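Input: structures, listed below.
The two complexes that follow have subunit A in common; it is paired with subunit B in the first and with subunit C in the second.
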Partner chain A sequence: MNLRKYLKVYKKFLHTSLASELEYKTNILVDLITAILSLIGSIFLLSIFFQNNGYIGGWKFEQALIIQGIYTILNGITNTWFNPNLTEIVKHIREGTLDFVLIKPIDSQFFISLKKINPSGFLEIMLGFLLLFFCIRINQINLNLSFMTLSLITISCSICILYSLWFFISTTTIWFVKTWNATEVLRSFLYIGRFPLNSFSFSLRIFFSIFIPIAFITTIPSEVFLGLSQFWKILLEVIVASVFLITSRKFWLFALKFYTSASS
Partner chain B sequence: MVQNIIDVKNLSKSFDISSKEPGLKGTIKHFFRRQTKSLKVIKDISFEIKEGEIVGFLGANGAGKTTILKMLCGLIYPSEGSILVSGYLPFRRKENFLKNITLIMGQKQQLIWDLPPIESFYLNASIYDLDKFEAKKRIKKLSEMLEIDEELYIPVRKLSLGQRMKSELLAALIHEPNILFLDEPTLGLDINAQRNLRKFLQKYNKETNATICLTSHYMKDITSLCKRVICVHQGAISYDGKLDLLLKKLSPVKEILIVCRSEDDAIKLGNSGFTVKNKIKNEITIKIENKSITSSLKTILNNFDILDLFINEPPIDEIIGKVLIKKDYDI
Partner chain C sequence: MISNLINSKIFTLLKVQYSNMLEYRVEIALWAISGIIPFFMLNIWTNNNLNESINISDVMLSRYFLCAFFVRQFSVVWVVFSFEEDSLLGKVSPYLIQPLNPFFRYFAQHLAEQITRFPFALIIAFFFFIFNPESIWIPNLSLLLLSIVSTFLSFLIQFLIQSIVACLCFWTEKASSIERLLFIPTLFLSGLLAPVVSFPAYVKSWIYLTPFPYLIDFPANLLSGNETNISGGLSMQILWIFILFPLFKKIWSEGTKKYTAMGS
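Up next, the complex of A and B:
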């Protein structure tokens, strides 16, 4: 793979999608306001849960805010990259415009996963980081090298798991043609990631760890922030992320063999 | 000797197609128990195309032309048989193969809708690994050939269909491909835009010796661009050869309208052994076989007092229409 070429192409993707989005100023403004209101609403909802008893699943409100911060960052990433690109796969397949992607000398997964960005998602990412910095202060977390490294590893793994899940569902469009609902279900499950894994019953914990590993996505990075993480959990997240990423890639290449294109 | 650039042997393709009965009952049945059957849309076809050739694929809707084109591009996996394009197996989509081909579809577009076409051109240039200087040079050259200039800087959504199609062509040709697959490129264009596009393709073929595979329902596209046609009927090739030969075979006679000096001359001409289609006063229409047209006209001009004559070619659409509904043309 020619890395220089891919960087050049990605620079172009950024440029063209930003330019496309900036054509509609009001839309961007509405998206930005929605992002701010959504975060305020989520924190308000979280505070209601903690009103009666100061703890949920052994987590204090200040600690649960870390999960909210990580969730906001991941949701921002979803809105910036995954949502505009991966929902487009459905359109590409239904209308047969995937043809134009497949005849280009570039990796098709790279192209369809990164071609578009939604700039308003950046604000959510920034708000998520601001919330995390606030949590670092109120929870008196010591910022050292091992903490930074582990946080980076676990958050990167979370992004990989989230991307793979989303990409996997979008790929099934090649057979089922319309899978909007499935991605919406995934989004709904993602909301669960705003709460600590321990706050759920045993059976739900198993479900959200094994079948749809939403719990890994936010809980394990949050535990790293609070110094509660165990090595085996971090290792497990790395393994799960790698397996998901490799499987989604293989699944895409396999699915392409069944692509029939749309009739003209 | 010119080499084969496309080599297709015993190619077949089957699709699983589901069918649905009408009405609510049919819809519910279709939802719970979908009836699918395997349909062979391409049936054991073989052909070769030489470098620099322009070949027209003719066939009725659903005959399999686009499926053939998409298999040649590597978009669809063949079920049986082999395809070699420029020495590559298309469905493996190797980078060097993809750099050599392009696909243009009249009914689909790749340009970024909200931005001027120039942005899509530079994006494609980066995908094909062209530097900015080279991309600029090619855009200038192609935009001159296509006669587009200001349109390059106007958002695609504001362009007319003709301007958009020219921009699509530029986007698809920026990497100077050797093989062009064109699927109904003039669809929906007005007569002038169609003519300009054909002119451009002729010029591009002449200048670059590119091979062009074209499907179109506009016979003018086929007659002005293609010397050779491949007729596809229900997934099988019904004719592969020169277009001229096909037209001669399908239309062995010409109609000649002759204006005589007097009605008597017209009657005499009518009684001289020619097949008469109709006669109105001093005007008579006769049918003459293509092979004897010169000698027959010589006889008529020498023996009768003729004021004027017109040779009526049968409409090409009508002739080709016959090919689209027949299974085999052995010429």
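Up next, the complex of A and C:
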């Protein structure tokens, strides 16, 4: 019953935000070109790294492309859902319109995390999948059921971690008001998710596995693709993802206690 | 007399914008932190010994990336985003009545932000030297001055390009997506992620005709003491400014005729 209500609400969200985004059709075209150029750019950068070396951090070029593909999919998801919604939180808090969200008979986290959608991100997701299929072919990965389930599990865990990171930072707005550029800091850190974790020095590797678990986001799913991943790593990712999801939820509820509205 | 008047105008604008910027110190500190991608790239280069193939020593490469970080810090431009917001909210109308091109206001805003940013950039550089003590060096005075000049010229080129894009706001409401498109080649070709010398020959053959390598690669090479063609680089920078400035004036005069005072 409850789930059905949320599905119905989500359908409305989709409808309204798609309608408003499709107002700017040329914009979507420009965004498509941007996504394509961005992918070409990162592959170009990767090819510079590999032009005189066969391996980087133990990864071949064809294998590193898998990371690139997963990164592109996750970046597309970020651009479609996380970025437009979570930057909106800042606006809600600064202008005091969060009041209207809180009095609605619906979960506030659901509302602010899924209200908007940016359709141009879909194209990026599709590009990422195309690259992944290409990688599956050139790496001669055979698709079987266990591979499919494991990659699905790890990628959805990555999405959960990514979402929680974005949501954490956006939640801090309740105290600091103007932190929309804190998400920009997160963005620049996420950038290293384009490269295999092993290509970084030991200290950075530790930093990006413990403090900001970017390591989990792209490297573990790619290892699953190559059949290199140990079982404990996948289990660890599942645990990390659930811990992140639960704490970000708790943190939001905690932060709401400090919300003091503005200009209303 | 007239030059006196302009000077005092610019001085007042700068003073106003500087005190404005000081209000948001944390925000600017966060922007400064979000620019540390060059250091991650440096980590990949040195950790995989990729620099051996392009004949740059570890120390020189780390200086290069530190300088790239600095040049980027002092040539960040966001005029499109400010202008788009102002034009959508109708704030441009009062500016247009004033006997001062509104872009001077944005220009002063950028300069004031750079002054505010300077201490944060120094702190980040300080930490960089703690981790890489062997890369400490003192650039000789004339090179330092030249690189400051060329960083400023690089800022001017980017400011002009973005101002031209910003003027497109007069025709379409969302010019910032065009800016995001232009940012992709800037990111990958300017030398922020990899020095231009490391690019494959088929790119190097034409890249020096575009403005991109003069945005970061040239000033950073100059400051870090890497080999570069000083007079050629500076004259290309000046040439691009001479190409872009009349273009901006043209599009500005065309655009203001189109202006429809949205939101007011």
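As a working rule, the second predicted complex is superposed on the first by the 262 of 264 C-alpha atoms of A that agree within 3 Å, B and C clash if a C-alpha of one lies under 4 Å from a C-alpha of the other, contacts with A are read in each partner's own complex, and residues count from 1 in each chain.
Heads up, the rule we're going with is that contacts are C-beta pairs under 8 Å (C-beta built on N, C-alpha and C of every residue); 3 or more make two chains touch, one makes a residue touch a chain.
Fair warning: this is a prediction, and the values are worked out from it, not measured in the lab.
Asker: Return first, second, both or neither, reflecting whether A:Ser188 touches subunit B, subunit C, both chains, or no partner chain.
Answerer: second
Asker: Pick one for A:Thr247: touches subunit B only (first), subunit C only (second), both, or neither.
Answerer: neither
Asker: Please tell me which partner, subunit B or subunit C, touches more residues of subunit A.
Answerer: Looking at subunit A, the partner in contact with more of its residues is C.
Asker: In the superposed arrangement, does A:Lys12 touch subunit B (first), subunit C (second), both or neither?
Answerer: A:Lys12 contacts subunit B only, not subunit C.
Asker: Considering only touches as defined above, state whether A:Asn2 meets subunit B (first), subunit C (second), both or neither.
Answerer: first
Asker: Counting only touches as set out at the top, which of subunit B and subunit C does A:Phe100 meet: first, second, both, neither?
Answerer: First partner only.
Asker: Touching A:Tyr259, do we find subunit B (first), subunit C (second), both, or neither?
Answerer: In the superposition, A:Tyr259 contacts subunit B only.
Asker: Does any part of subunit A touch subunit B in one structure and subunit C in the other, and if so which residues?
Answerer: 24
Asker: What part of subunit C is in contact with subunit A in the complex they form?
Answerer: Going through subunit C, the ones touching subunit A are 24, 26-27, 30-31, 33-37, 40, 43-44, 46-50, 52-53, 172-174, 177-178, 180-181, 184-185, 187-188, 193-194, 198-200, 203.
Asker: Could you list, by residue number, the parts of subunit A that touch subunit B in their complex?
Answerer: 2, 5, 8-9, 11-13, 15-16, 19-20, 23-24, 95-97, 99-100, 102-106, 257, 259-261, 263-264
Asker: Where on subunit A is subunit C touching in the complex?
Answerer: Against subunit C, subunit A makes touches at 24, 26-27, 30-31, 33-34, 37-38, 41-42, 44-45, 47-49, 51-53, 56-57, 176, 178-179, 181-182, 184-185, 187-188, 191-192, 195, 199-201, 204.
Asker: What part of subunit B is in contact with subunit A in the complex they form?
Answerer: For this pair, the touching residues of subunit B are 15, 66, 70, 73-77, 93, 95-96, 98-99, 101-103, 105, 107-110, 112-115, 119-120, 122-124, 126-129, 155, 183-184.
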